[in-house]
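Below are two complexes that have subunit A in common, paired first with subunit B and then with subunit C.
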Partner chain A sequence: MISKELLKSYANKLMFDMNDDEYETLAKEFDVILKQMDLIGEIEEIKGVKPMTFPFELDDVEYRNDEDTRTVSYLDALSNAKDIKGREVKVPKVVD
Partner chain B sequence: MSYLDLSISEMKKAIDEGKVTPTSLAKESFERAHKYQKDINSFVTLTEKNALNQLENLDSVEDNPLKGIPYALKDNFSTKGILSTASSNILKDYVPFFNATSVNKLYSKGAILIGKTVLDELAMGGTGTTGHTGPVKNPWDKSRLIGGSSAGSASSVAAGIVPFSIGSDTGDSIRKPAAYGGIVGYKPTYGLVSRFGLFAFASSLDHVGCFTRNVSDVAYVIDAIKGKDEKDMTSLPDDNIKFSEHLDGNVKGKKLFYLKEIVNRDNYKDSMDEELDEILNNFDEIIDKCKNLGMEVEEVDFDKEILKAIFPTYITISCAEATSNNSNLTGIPFGPRSKGKSIDEVMFNSRTEGFSELIKRRFVLGSYILQKENQEKLFLNAGRIRRIIVEKMTELFKEYDGMILPASGSIAPTFRSETIDKLSDRYLLLENHMAIGNFGGFPSITIPCGFVKNMPIGLSITSGVKKDLDVLNIAYALESTMNYKNQIAGGVNDER
Partner chain C sequence: MMNDKYEVTIGLEVHCEVKTNTKMFSPSPNNYNETPNENISEVDMGFPGILPIANMEAVKKSIMMAMALNCKLPNYMYFDRKNYYYPDLPKGYQITQATEPVGVNGYINVYVNDEVKKIDIHDIHLEEDTASLDHYETYSLIDYNRSGIPLLETVTEPCIHSADEALAFLDSLRRIFLYTGISEARTDRGQMRCDVNISLAPKNSEKLGTKVEMKNINSFSNVKDAILYEIKRQSEILDEGGTIIMETRRYDDTTCKTYRMREKVEGVDYKYYVEPNIPPYKITDKLINELREKLPMLQFDRIQKYMKDYELSLYDASILTKNIETALYFEEVISKGIDPKMAANWINTRILGHVNKEEISINDCTFTTDDLVELITYINKGTISSKQAKDVFYKCIDENKKPSVVIKENNMEQITNTDEILSVIKEVINENMELALSYDPKKGRTVDFFVGQIMKKTRGKANPKAAMDLIKEELMKLKDKS
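Coming up: the complex of A and B.
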């Protein structure tokens, strides 16, 4: 079974944590998931195949010019932030 | 019988003939929404004030098939000035300052927004049980779930609260709950409908689609929301074809296939039960119905091992993409902010407190998949399998007009159901094949096709990219051979 320490390191890299019970559940779930993942590796045909990252080729992609097209007002941008000062989001002090 | 129980076109006709008004339809829709909320929990937010405002300004809207028609919207679409939570605590107070493109289009058509519907948290789940406001129940039987992630959008249509709703589909998040709810669920070709303003789950698999109670209504809804959008670079150019004007049910000579390995009884010897037996019998009857309509139906072989890899491929790609897409949920620009001595600590604590356990588990999996040592083995190999499947299906769709399969190997599970063995053929083949539609962006629909143990079951129809009209026409023709069109769940409307 995958270790709790390893799972915790994956969680912490994504900037969150879980409690001990949750890690235990997750370890059990990983047991099944890793067996499912093994099914991916068992397919002989995958050798030399280019991984697909999009459903199909788009034949009409037009690159736009590097110009402002849409902008957001600072009032809108700050409308959901919990702590603001003037035109900025207020956060804990970074430099002492 | 109420006017609210009618199809969209019948409802519109009744409005035009002065038999009912958009205001009275909306009023009744809200009454039903309130009445059933405790029982089935379709909604996160009911938007009465907004609807009133829309109704007051309805005269300025040009006449069209959706004018004055009530609808519901999954709560992972941005709605300006209206709470949009994605059913997650981390967005429980988020109020967007812009509308999703599909929402703007529906506003411009005068469709009346009744409310925002419950989903599996951040659309990552297939049960409809993980939203932050509680589980969604199936209107046909409240001891059963309706499936997800577009759970409330499905239950609100199945219960007759609204004639249509908007959802999103990343693996089968519209089509599976539609099957469990006895209604129609449609996921068009990838890019046909703009994703702008849909909270991204897995961008290369996410689709915007709809729920209705008949196939014609799908055409009206998709006609209203499809089209090129400069805000979504993956949206397809508009061909300006109105699906609703080309539904004729003329399917004579169309060629269909089904995948032998998915419906082969020999694969399910160990897990066969009455439910699955009846579902497979029903599928045999559907094949006969197709033939009676003048269509050819052929059995096609597909490597079973590849089909069994659909689910792990889906999980690998979707969790990896979701991990990245949701990295903006930090508590700093929006969402509840937790305390911390540094920015890092604030983000860490906000995410720890804001995400539910299930979402964290999915993210840890995504993190595992994206570790350098696992990228080749998992993430890139999943992309390779995706390509193999999509290329094989694309070849098949050159020869055939569509693929038919049972939408699921079971009826809607109860909340107490024992979890199915997730390594069994039954789970890996029958419960997860609809993700093929997301891998290749193929248009795919489920329509109600029968009842097993008094619960609805669904048929899945899928075709090649941009063959939406084929899918809709085949579904339209098949629908006419059965008695499930416009059905409303009995479980919540006994008094009607």
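Coming up: the complex of A and C.
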């Protein structure tokens, strides 16, 4: 069971917070998700099955050649930023 | 540092930026740029709808590095998402390798002072660098130039037991990056950064002590100082019966001390899962063979070869192999028949002295391997003395001329012809007959005087050894007659 306390602990690790109603809603959603997982758990003979990460086994995948460069102008790139200073994005002081 | 009461155990995590034209998953340039947000694209900034495509050159270089570290390679190149929130990570996750790193279970041998130490490598994985943050009084600024630069993280086993061993490993690792051209590994540009995990336990204890982590130390000398400081700090706590707290600390190079950043309560859950946007890439035997052929002989193996095959000292071999350019220069000179010890002596003193003073690469030195071969051959033939050779060398550098030209222009060729020297000797004896007749072989002064006179008459061009041998012979003849 995913308790409200557990969700709070994860929210804390992920550095965000929610109000009590939102935690309630999320906890209820997890109840449904866990039931679905239990359902999958009931399927027999799946222990030796390798988890599927990609639908097809491809042996001819090509990655990108390290040649042509392309950039976006800083004005375009920062146009959605809430606050900028000079050519950089300005955020509240981060000290870790 | 030896510690009498406690066993020091250190593990290192070293991040090093890979040298490529473009970034790990985007086509923006991978070069050092001091203008903020110049080398950026939508992929580096984690805009919605982006599709990262892996850079094949970075993948190849990561495989080469895994080979250089004697690691086991995977069958496929997989990438994973490491999920965490921080302002320098615009996507909210870093693309890295967690389940199948490009190399596992490796090792390298390093020299710690004059002893060989094997350092075990837990794994090496390829990932993307984060953006860089600059902190000010009330705000922070984000520059995304670094975001997405290919990064290789090398993780050692906790098998290091002193600051000297840690430093020897870091230096060897850096030289592998430079030898192979995988990275420029410049610590002054933050291209190589190190996290240090350190613990102290009573000697002969079976359990390791509590681990303290020091993050992002950006120079090797700081790594050494941070380790020495932590050994002292933790020893003092344990001596007083205290307990070490599992925590992350920051090293401050102005005070040379470490400061607590945060307590590490439990391992952070990064919710790793396979990156679905990047299909796995099959690492074929053909690719492995192609990359293995590109790997040069590395510093450790070259040191061993120079000591065994050329009978050089560890000191000389280490200097010659500090960078591959110098090693190749040396090898080219001896391939032309020059005595390895003589070549090593010239390169390590005169040539590297000049190269280091001018802050240039040996490849840019105007005194070529052919020039050194020519110069040493002149010494060996007795055409010039070792002392004259030094003058010739500096004239060659200053005037950008060949040794043969400098010797000719300055009339430096020694007189080695016996008849020519003998005629001068006869002249000198005639002028100082009284002294010549009083010659006593037990006293060296007379010979020294005559050699001095011969050198004066030949303007220093007579071969000193030939002159000395001949004057002794002539004086003895004179003595026997009288």
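FYI, the second predicted complex is superposed on the first by the 82 of 96 C-alpha atoms of A that agree within 3 Å, B and C clash if a C-alpha of one lies under 4 Å from a C-alpha of the other, contacts with A are read in each partner's own complex, and residues count from 1 in each chain.
Please note the rule applied: a contact is a pair of C-beta atoms (placed from the backbone, for glycine too) under 8 Å apart; a residue touches a chain by one contact, two chains touch by 3 or more.
From a predicted model like this one, the values you see are computed outputs, not experimental measurements.
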Subunit C versus subunit B, contacts on subunit A by residue: B
Touching partner for A:E22 - first (subunit B), second (subunit C), both, neither: first
Partner chain in contact with A:V61 - subunit B first, subunit C second, else both or neither: both
First (subunit B), second (subunit C), both or neither touched by A:E88: second
Subunit B versus subunit C as contact partner of A:E45, first or second or both or neither: first
First, second, both or neither for A:Q36, with subunit B first and subunit C second: first
Contacts of A:R70 with subunit B and subunit C, given as first, second, both or neither: both
Overlap of the subunit B and subunit C footprints on subunit A, listed as residue numbers: 10, 13-16, 53-54, 58, 61, 69-70, 72, 77, 89, 91-92, 94
For the subunit B and subunit A complex, residues of the former touching the latter: 93-95, 97-98, 190-191, 204-205, 230-231, 233-234, 237, 303, 305-306, 308-309, 311-313, 315-316, 323, 327, 330-337, 340-348, 351-352, 355, 357, 360-361, 363-368, 371, 377-388, 390, 394, 422-423, 428, 438-441, 465
Of subunit A, residues touching subunit B in the complex: 7, 10-11, 13-18, 22, 25-26, 29-30, 32-33, 35-37, 39-43, 45-46, 49-56, 58, 60-61, 69-70, 72, 76-77, 79-83, 89, 91-92, 94
Complex contacts: residues of subunit C adjacent to subunit A: 20-22, 27-29, 35-42, 45, 53-59, 78, 84-87, 133-144, 261-262, 268-269, 274, 276, 279-282
Contacting residues of subunit A [partner subunit C, same complex]: 10, 13-16, 53-54, 58-59, 61-72, 74, 77-78, 85-96
